[in-house]
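What follows is a pair of complexes built around chain A, which joins chain B in one and chain C in the other.
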Partner chain A sequence: MTRLIRYVLYDILRNKVVITYALFLFVVSFSLFQLEENESKAILSLLNIVLIVVPLIGMIFTTIHYYNSYEFIELMLSQPLSRKRILLSEFTGVAVSLLCAFAFGVGVPVLIFSFNDTGFALLIAGGALTLIFTSIAFLASVKSRDKARGIGFTLLLWFYFALIYDGLVLLVLFSFSDYPMEKFTLLLSALNPIDLARISIMLKMDVSALMGYTGALYKNFFGTGAGMLFTGSIMLLWIILPLWWAVTAFNKKDM
Partner chain B sequence: MKSILILIFFFSVNCLSANTIVVGKDQPIHALKRAVELAKNGDTILLKQGSYAEGNIVIGKSITLIGIGMPVLDGLQKNEILTITGHNVTIKGIRFLNAGYSSMNDYAALKIVDATNIRIEQNIIEKASFAIHIANSTFSTIRNNKIVGTNKSEHSSGNGIHLWKCGNMKIEGNSIQGHRDGIYFEFVTHSTISKNVSEKNIRYGLHFMFSNDDAYLGNTFRNNGAGVAVMYTRNVRMENNLFENNWGPSAYGILLKDISDSHIKNNRFVENTVAIHMEGSSRIMIEKNTFKANGWAFKVQASCDDNTFYKNNFFGNSFDIATNGDKSLNTFNNNYWDKYEAYDINRDGIGDKPYHPVSMYAMIVEQNPTTIMLMNSFMIKLLDKAEKAIPSLTPENLVDAAPMMKPNKL
Partner chain C sequence: MIRIEQLNKRFRKLQALDNINVVFGNGNVISLIGPNGSGKTTLIKCILGMVTADEGRIYVNGQMISNDPSYREQIGYMPQIGRYPDNMRVGELFRMMKNIRIMPENQLDKELLEKFRLMPMFDKPMRTLSGGTRQKVSAALAFYFNPAILILDEPTAGLDPLSTEILKEKIQDARSQQKLVLVTSHILSDLDELTTHVMYMQDGKMIFLKQIDVLRQETGEDKLGKAIASIMKHELKAQFV
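This part shows the complex of A and B:
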């Protein structure tokens, strides 16, 4: 399996997309810290990069990579290797390379300019989002029949998680504003990894605003050890479940 | 030369007429109560080191009571320790411990009633429900005392420095913590609260009602249950204070309710849930304050009018201004907003586009507080941008016509 992962990594390194991605993140984060005199504003802008760009690039890259290495996967399937092993190696290769790109592109500037709780939360959340959306993208590509459909599907998913979901939440919160919705919003936040990541960073960043009304509930819940365990395990579920589903689908798939 | 002679004269007269009574375990007089009985107007009582538990001691004469080496007056958790009435009394350098609590009377470690020209200096007051309780008094000074309460529940604990119906008082350089309200003012006029540190109190750091023509200057209010409340008052000057870490669903840096003709100047507000909450207030000048990393820098209810916000600096607040109405009758000018994005073609330091400090999302949160969970999300950013382009929900005339490009120098 390690040899397979190594092949995948070589392949990814050769087409230079990941390197470009890493450099792009690095330049953007570095210049954000340089341009903004106010560190918290830079972190706020960086938060948007982490919540929007990281999932998008992660998903698109994964999908394209999957279809581009379709022949390679087919070749491997003719070898005495289990399907599960092949897909997991592909996942590991892609995930590791994206994680490295993120760690270099965002991690280094954050560690230099904003080495504190907020910066740390940002890195953890970004790393988790990379893994989650790689995993979701694998599911989407295994399920779709061809490249165009696969990319379309991943874009739609990204759109849903990054934008539509929050719109729906807003709609729900306003339609049921006569009811106590505080506890319910905790559940809602767990159903979208981007929201979960955003809230866990916010707990470090906008702590003062969060101490009002609903926010205090978040602070009491997510701020404690149990809350962090909750966030961590939900994030882990978001990585494992789509991947597991993708593996089962891949096992049954007529290539 | 003449003045020195006069001074010497007064000093000698003072020495001749005033006696000094020393109280101590190894002295002829053991009990403070006895010394107070013996003392005449103008006498000085020196209280030597040791612990004295003598129940309630009443001082009704003009005497000076000075502790040597921090003697302890112990209330044994059932007595009011010292009651002062009359005029020209000084209490200095004494440690008050375990004053009693009663749900019928407001027992205090030090109670001052119907008095004039009292000085309370450099005392330590610990484990009292009310520490210093002053009623119907004038021209007195409470200076450099250290007051530490027990931090119990709101109803079983009293206020640190409690003033009711007083005038021309000076509260200066005290440190107060763990009480219900750090400093409490009701019907107190022409008084100054300066350089105090009021922190970790259960309710307000400073609670201030029906008290006109007062000033509070250079104080620190930190980490109090509900911050500072200033209510039903006019002509108050609030300058150079620091309001910090007042966190909670109803915690404010300052809560202004029905205030008029006042000044809020050169204060710093750091990491409060709401830095200034204003309702029913008019003609307040708010200038040259710094607002940093607060949840809301201002909550201005629609019932406020004629207030001026001038040359304040806003850095890294989650919301700069929130309001509940669609009209604003207040003036904003020359403030620095870190969220302001525009240009300055003529380079006069003033941005060429007016700034609307109320964001769409601030209005949404005001209407529906649970939506705080969507803070900083992409969707909210889009909504804010759309609102900036075509304003519909945010009050159109709540606007800074001349926002600064760089922070104001304070």
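This part shows the complex of A and C:
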């Protein structure tokens, strides 16, 4: 398996997209820390960028990589290698390179300028989001046969998780504002990894005090050890389930 | 040896393979023929596990192909259209395959690499190769690991006459080494003298699998091409009557 991963990594490194992505993240994070005089303000701005950019780049890059290595996958299929191994090697290669880019681009500046709980939370959440959206993108690409449809589908998923979902949650909250919805919003936030990441980082900052009663409830729940365990396991599920589904679909796929 | 039992495959409305039962023995060179879309490539891809059958079983040298991919060590496959990673160089491709299949250097079969003069091209990226050179790479790769079973999908399409002769010689060698060679081809005359058996497919069904001599006798034609043509005409007539 490591041999396969090595070829996948080699292929990714050669086309330089990941390196550009790493440099882009680095420049953005570095300049944010330079611009804002207060480091927690900088972290907050960085958080918003990470929550938008990491899922987007992760998904687009994964999808394009999958379709570009279709020939490689086809070639490997006629060799004595199981399909599961081929797909998981592809996943590991993509995930590792994206994680490295994130660790360099955001990790280094954060460790230099904001070496604390909030910084760590941001790094862990960003890493988790990278894995989650790589996994989701693999599912979308395995499921859709041609490139255009695959990329379209991943873009739609990104829109859904990054923008539409919050709108829907707001809509629900407003229409049922007469009822006690706090527990329900907790559940809703677990259904979107981006929201989950946002909440877990916000709670590490002082801004949660500004979020009113819901914020207090969040702090009560997510702030505790059990809450962190909950966040962690939901994130893990978001990584494993789409990937597992992708592997099952790939096993049955006709090439 | 490959044994196929009650193999069925359906792509939406199209019955690509319709209850195929067949045994291919060692030392045979089997020509798989039939009109376009008759299920030849699908059958090959089923044997390779690239297409999963709806029903039926396939045994490769006694081992049922299911979840264990190790049986593919015994197969060398040359696809109809060889598609390779664009950025990879020819040399890298062979090195990579060697890495993945793990075989001692002295057991590798480099004859085709030499005869096709592929070694001097090791620095060229795959995307710059012409269609014919790609075919040569595919062929060299299929024979590289000295497999007991060779599956060649339209091997001579796009090859120049000289390379076709080299490939034919190679197939002849494989036959004398008691290997099983499965070939699909449209251009029958190319493989006339090599073939031991002919399997004829139409609309996903196996019409017959016969020894070439028997076929020659039955149709009264000496050339394989004419023999098949006379069968196809017969089939067509039967359809319209």
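Structure notes:
In the analysis below, the second predicted complex is superposed on the first by the 249 of 255 C-alpha atoms of A that agree within 3 Å, B and C clash if a C-alpha of one lies under 4 Å from a C-alpha of the other, contacts with A are read in each partner's own complex, and residues count from 1 in each chain.
Note that in this section a residue touches a chain if its C-beta (ideal position, glycine included) is under 8 Å from a C-beta of that chain, and two chains touch if they have at least 3 such contacts.
What you see is a predicted model; the values in this text were computed from it and never measured.
Legend: residue contacts after superposition of the two complexes on their common chain; A:Met255 is shown touching chain C, with no touch to chain B. When chain B and chain C are set side by side, the one touching more residues of chain A is B. Looking at the shared chain after the overlay, A:Arg14 reaches chain C, while chain B stays out of its contact range. In the superposed pair of complexes, A:Met181 makes contact with chain B only, with no contact to chain C. Legend: residue contacts after superposition of the two complexes on their common chain; A:Glu71 is shown touching chain C, with no touch to chain B. By the document's definition of touching, of the two partners only chain B reaches A:Ser189; chain C does not.
Within the superposed three-chain model, A:Pro109 lies out of touch with both chain B and chain C [touch as defined at top].
When the shared chain is aligned, no partner comes close enough to touch A:Gly127: not chain B, not chain C.
When the shared chain is aligned, chain C comes close enough to touch A:Leu81, but chain B does not. Put simply, chain B touches chain A in their complex at residues 247-249, 251, 271-274, 293-296, 315-316, 318-319, 338, 364, 367-382.
On the chain C side of its complex with chain A, the touching residues are 11, 45, 48-52, 67-73, 75, 77, 79, 83-87, 96-97, 99-101.
Looking at the complex, you find that chain A touches chain C at residues 3-4, 7, 11, 14-15, 69-72, 74-83, 251-252, 254-255. Residue ranges of chain A in contact with chain B, taken from their complex: 38, 40-41, 44, 47-48, 51-52, 162-163, 166-167, 169-170, 173-174, 177, 181-182, 185, 188-189, 194-195, 198-199, 202, 205-216, 218.
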